[in-house]
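Letters A, B, C, D, E, F, G and H mark the chains in the order given here, with residues in each chain numbered from 1 onward.
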Amino acid sequence: MAKVLMKGCEAIGEAAIRAGCRNFFGYPITPQTEVPEYLAKRFPEVDGSYVQAESEVAAINMLYGGAGVGKRVLTTSSSPGISLMAEGVSYIAACHLPIVFVNIVRAGPGLGGILPAQSDYLQATKGHGHGDYKLLVLAPASVQEAVDLIYEAFDLADHYLTPVMVMGDGMIGQMMEPVDLPDMRDLSDLVEKPWAATGACGRGPNIINSLYLKEDMCNANSWKLKEKADEIERKEQRSEAYACPGDVLDVLVVAYGTMARICKTAADEVKKKDKKKVGVFRPISLWPYPYEALAAEAKKAKKILVVEMSTGQMVEDVKLAVLGKKPIEFYGLTGGMVPSPDNVAHKLRSMIK
Amino acid sequence: MPKIVVDKTRCKGCERCVEACPQSVIAMSKQLNEKGYFYAVPFDQPRCLGCMLCAINCPDIAIEVFVHGTQYQFIEY
Amino acid sequence: MKKVFGYPEALTTNQTHYCPGCTHGTIHRMVAESLGELGLRERAVGIAPVGCSVLAYNYFNCDMFEAAHGRAPAVATGAKRCRPDLILFTYQGDGDLASIGAAEILHAANRGEKITVIFVNNAIYGMTGGQMAPTTMPGQVTTTCPFGRNPDHEGYPIRVVELLSTLRTPAYLARVASHTPLHVVEAKKAVREAFRLQAENTCFTMVEILSVCPTNWGLTSAESNEWLEQNMLPYYPLGVFKHPDRSEADSAAEAGVLQGA
Amino acid sequence: MQTEVIMSGFGGQGLMMIGKLLASAALEEGKNVTWLPSYGPEMRGGTANCTVVIGDKPVGSPLITSPWAAIVMNQPSLEKFAPMLRKDGILVVNSTMIPINSDRTDIRCFRIRADDLASEMGNRRSANLVMLGAYIGLEEIVSHKTLITAIEHAFAEKKKFIDVNRKTFTKGYELAKAGKSDD
Amino acid sequence: MAKVLMKGCEAIGEAAIRAGCRNFFGYPITPQTEVPEYLAKRFPEVDGSYVQAESEVAAINMLYGGAGVGKRVLTTSSSPGISLMAEGVSYIAACHLPIVFVNIVRAGPGLGGILPAQSDYLQATKGHGHGDYKLLVLAPASVQEAVDLIYEAFDLADHYLTPVMVMGDGMIGQMMEPVDLPDMRDLSDLVEKPWAATGACGRGPNIINSLYLKEDMCNANSWKLKEKADEIERKEQRSEAYACPGDVLDVLVVAYGTMARICKTAADEVKKKDKKKVGVFRPISLWPYPYEALAAEAKKAKKILVVEMSTGQMVEDVKLAVLGKKPIEFYGLTGGMVPSPDNVAHKLRSMIK
Amino acid sequence: MKKVFGYPEALTTNQTHYCPGCTHGTIHRMVAESLGELGLRERAVGIAPVGCSVLAYNYFNCDMFEAAHGRAPAVATGAKRCRPDLILFTYQGDGDLASIGAAEILHAANRGEKITVIFVNNAIYGMTGGQMAPTTMPGQVTTTCPFGRNPDHEGYPIRVVELLSTLRTPAYLARVASHTPLHVVEAKKAVREAFRLQAENTCFTMVEILSVCPTNWGLTSAESNEWLEQNMLPYYPLGVFKHPDRSEADSAAEAGVLQGA
Amino acid sequence: MPKIVVDKTRCKGCERCVEACPQSVIAMSKQLNEKGYFYAVPFDQPRCLGCMLCAINCPDIAIEVFVHGTQYQFIEY
Amino acid sequence: MQTEVIMSGFGGQGLMMIGKLLASAALEEGKNVTWLPSYGPEMRGGTANCTVVIGDKPVGSPLITSPWAAIVMNQPSLEKFAPMLRKDGILVVNSTMIPINSDRTDIRCFRIRADDLASEMGNRRSANLVMLGAYIGLEEIVSHKTLITAIEHAFAEKKKFIDVNRKTFTKGYELAKAGKSDD
């Protein structure tokens, strides 16, 4: 199919449909409202159903219901709304249910602002809800990648029986870019869900539950989640190393999402104008974090620069990858301010001198 | 003749059946069951009308009601 | 001999953890019997709340969810919108439904979700050991209103059925009680009617069932009945407050009369 | 090579639309392209803008702080974006709405009576196409022809507008080609 | 005053009163309901007010209101309830408001169980709500310490204008221990809050807000929060090193809260019976994490053992402190299972051989 | 000459960001005038919502909070319980109050919090660009019901005043409109009455104010008025639905009449 | 004689005052104000009754009303 | 030295109460002490227990998996805790309610007809104090006197119970001292 020009939010909606999602539950919030708006219009054509929930709390619990009866379900929101989903997501993870949800991050904390930011990194990767579980978090850097990751996210969710978050920012959500849309999934082709609560007909009851009165059972469920997390950590690390050939780098820039695109521009400029070797490492899966891949790249670099649209949240993961072996610096703006290629280049030059 | 059967192990001794029975068929045993409750016993079975009120009122579904042939029903349940 | 009353198929044979005399058990049975009589068990999916009935999934012999506190109507909405062919019911206490879950029940009702809500009002938080609920009676002592609920500070009990009856969206809304056999007979009728209407895809359906909590009320089973009759019944009148077959005017009139109470 | 254009004006002046036309034309010609709108509560009655970036290589930042070109349709937009333009950059000004000039001398400024021209040609609301035409006339980052095709696609369902839009666009294009600025 | 025997939850309530708190907003949840129950009874004696909120979401927003008018306010909850507070806490942090809240952690994720656990560590220390902000998190190991930390938490909150979380588990909440209660604070003696929204009488309006339409203002607020966090990191690290004299340790155990008590018993036993050198390092402030103090102790140890009632959440912080210099092992049970001194001793022996 | 109408002291002189013809501005003015006339400005603390009026803290010349979406009544509760001497008001839109904040408004009303709620019902989510609200009219097109609100799927609009009127806790509950001068006159009376009752510590007070959203309705100011009259007024009848001085029966009767509409 | 004063800079041109005025005192200017709106102008001031309806209906508080001496008030506001 | 005692029985048998009495007596004597109840939804009608740990040094774990002593008032409690006792540990059994014996031979088992004795002494509900008395009689971790004081404090507001409680406690104490087990 020919590429079409699509807004990120709409492309996300369309990708979900093509991945076999026919049920969306959500609550409007800038800058992602175009997802529900798109789906409210588009769903009737594919027999899908859009429900405007009364709140994000309700929305995530509707996903719990939809996932529990075996359907591919989606919600999208932005930072404050994602905070409200913490309890629900913890339940979903505890019950081993597959859902896909999207955070088009906006500036925080509090009401903050609606402009692009990356200040929900720690929430998404470390401690959104209570209890021992992990979210698989994917961070696209373009509309095309958003489409591809959404499409894949449903399969990952179904495969690991886990919530998957796709995390973008206002640029991903609002920007139009050319995209190649994937094919429509054949609904009859999706993975079977014999555990789903679809009526106890010809079998005993299926129960979707996260309560364990006996502590050993509760312990066992946490360790089951932990094993799943370990497996995902082994198998699903994704990253991209940009312009890092050879074995010496003056600086390795670590950035994700749209910030990584900007860093690439900056790196290209510094390479061209200053004749310095600058590479960019871009984690695509924020959890599982690509520690080994980053450690390998970092080995070649004299210095590391982490760039984020936050006051420095991913730095901790970079430290865990580098383990004190290389100096790490940070550059960041947040609150809706987006570091420009010039800003980043300037910082790079100050590190190289 | 109608009769009731109380499942002694299910009974929690709440006496709701006793209160419900218009015929005073049921009373509480003086013995504890394995769960530690004094359980219900149909100690005057012949007076039973099979009206089911005891069973309807039992939260623990410890009572079954049996009747012979057609039976006048006080209530529809 | 013919068994005229026995164990319903739609319940597992597990014994409940409910306290002696607690009518949660009676209410479970009515739901199970209704599912059985209407032939809905194999299509039924129940949503257990957080509350004493949190373990309801161990007792109903059909597919079940255990939902987060208060969110059962949202879970049911999600499930029903994804699988309109299933029969969805929630089973919720007064803390669950009327306090933390107030927005969810209001909006599920207002959207007209084709689900059945079994709302067990025992005027207290049973599971957590007897705290004040939105339905706790004025003057009633609980662990968090140790000097009795004071309407000047905590307001009056919420009458959920009356509240939802003002919604324009069609619904079946009834209040019944579960403490005596004759009340149970009426209650069962309402529960079955709710499921019947759901099976016909008619409207949102909810039955509020007045229930006892001997443990946290600190009363015997018999005393509980008396307390319910004397305190709850006058404030929570029984009846069908809204029915999809009846015009709004009729329902409003009936509700009007009852509101005088 | 990469070109960045910001289009800015009051909400309702059709800036988003011409941005999308430009972006689709670029896509049609096989270029890399991003289109990014301003968004936010400032929308309420205020000034709206969008940024189109067109390049041979994949586009880095879709958000541009020093654009190559700016198409401004009201005065606040001129005041905001003229100072941000790169040296030798292009500024297309709707002179019907903007009496003032930028005081920069290191940029190319083209003034055009977009609203007036559009009104004269029968559709006041096509002033945005006059502006876009002028810009393409100054710098043909996509061809006139592709852009006309883009217009035809965009208005496929409102055919009656195709003609006037094609004409107003071409008017701006030709005036710019001919260097017929307003000044 | 003589020591009194008090249940943790009740002691927490009493400590709050003595610290000058007269307003509690909360929602019942096991195993902390005794706090509101205690206060509902006790408050009338000191002119305080207990409000049972309709939910944890409402409760935290009531705290926002109470803190904003300048009062010392408290809520207590347990894991699922804490998840529901994420959005509200983010607002409170963003507005620089002082509150104290308590998480008596129970087993998770989902509904989990009500027994003691430590599986909300990452949520509390890394990513509870959205946006760039940090919670000051204190973890008592005894009822006495719970009292002391609650008492101090109000001062810390007022001093830094930040939310402070005191994190315990079901043992802390349910256990009775002898406590020395601190004196009643003189309410007229508490720090002034000229920024509070108490009526614009004789001054311009005070505004409690976290919305910033201008991205540079929003950025500035995030960096202001970051600076505050940095100051707290410099000044408020707390920890205890138990039985770590000399300069060689066979194993250094790292554990917090009640788990640390249990580890001390285990360490004593292994020291006595196996004649091995085992020390216990106990972080008291979980954020700011006492990285330097831990690094110093770790230097002396041959091996590190982290013990938690989780599947391993604090391990990440220990890694950040130790930076790959010492081998780190983990032992944990969760879901309400509490590792016994014997369990820990067994693990220790396996490490020492 | 004497100035008989001018700028109220309880508003800052900042110009609002509201769209031309949006009655949010008119409603701000009524609130400010009432505070001024009753001499309450210096004790007043307002709570701005998330919605178009999120910036209300820039306009009211009194202490202000900006609350999380839907939670203003909880914030006001917290503030008022801590400082009963202050005058607390929330200013909320229909998405804020009736959707995400449904539980908070219901419970603040039911507890009888001594606060004043200004509820601006414009049948749409203004700030986020025109999505469906719980108060959106049947058939009304919004960006999330692009084929018109369908009562079969989304239910009917919620009438918040009628809903809260069923609560037993005393309250002052009124619905007014803001689109013509005479409606504004009535509206202002209701707003002032609400603040007066709060100042006397009488009860919970709420005024629902029908408002226009020319921008998202896609209409001119004049067309908006017409749309409101034709679509909203018949469904949302005006009047005082509950007053602490009137007996419940009176209020119920009045409400009953109005419900017929 | 009563009169109104319109603050041209505050006016957003919504015409609510025009609709409100029973005397057709107000009309919209042909010029834009600095915010880009056609603003309200009391072009027939002498007909003004000082009834305040325009001011009451103005969302942007752009109108002040002045009167001389006692004035019959149509409405109480 | 550290002693751990678990007290277990049906809810309502007063186990929590005797645990608290023991803990306050220990505090009175200047010892370190913790008291930890079982809690949870199993409360509903089931078996309840509490653990008291008394030591010279600060108490480590308040939760004990192998206690030194157990006071069991119903059969499920015996079945649960007898196997967990440490070697040479103490088991006090309410023989009115528990017909069976633990099969362990490496512990000291003391059986006492607590309910019967309490009834005989005028208050059936004081069986718990008989049990506590027996335990203290076997192992005087706090003195008889301190415990009596603790009883007096605890019932300061329900004075009428002081006497019977003091008596039942002392009864158990003396029988145990005298080694007069039920077996």
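Please note the rule applied: a residue touches a chain if its C-beta (ideal position, glycine included) is under 8 Å from a C-beta of that chain, and two chains touch if they have at least 3 such contacts.
On a predicted model such as this, the values are computed, not experimentally measured, just so you know.
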Most widely separated chain from subunit F, with each centre as the mean of CA atoms: H
Reference subunit B; chain at largest CA-centroid distance: D
Pair with more cross-chain C-beta pairs in contact, given F-G and A-D: F-G
Between subunit H and subunit E, distance of the C-alpha-averaged centres to the nearest whole Å: 34
Centre distance in Å when subunit D and subunit E are each reduced to the mean of their C-alpha atoms: 56
Separation of subunit D from subunit H, taking each centre as the mean of its C-alpha atoms, in whole Å: 87
Distance from the mean Cα position of subunit C to that of subunit A, given in whole angstrom: 40
Sequence positions of subunit E contacting 2 or more other chains: 30, 54-55, 57, 80, 87, 91, 110-111, 113, 115, 209-211, 213
Numbers and ranges of subunit B residues touching at least 2 other chains: 12
Subunit H residues counted as touching two or more neighbouring chains: 40-42, 45
Contact footprint of subunit E on subunit C as seen in their complex: 50, 54, 66, 68-70, 95, 99-100, 102, 125, 128-129, 131-132, 134, 143-147, 154
List of subunit A residues in touch with subunit F within their complex: 27-30, 33, 36-37, 40-41, 44, 50, 52, 54-56, 80, 110-111
Of subunit A, residues touching subunit D in the complex: 3, 5, 30-31, 113-116, 142, 170-171, 174-178, 258, 261-262, 264-266, 268, 338, 340-342
Parts of subunit H lying in touch with subunit E, wherever the complex brings them together: 20, 23-24, 27, 32-37, 39-41, 58-63, 65-66
Residues on subunit E engaged by subunit F in the complex (per definition of touch): 22-23, 25, 49, 51, 53-55, 57-59, 61-71, 73, 87-88, 91, 197-202, 205-211, 213
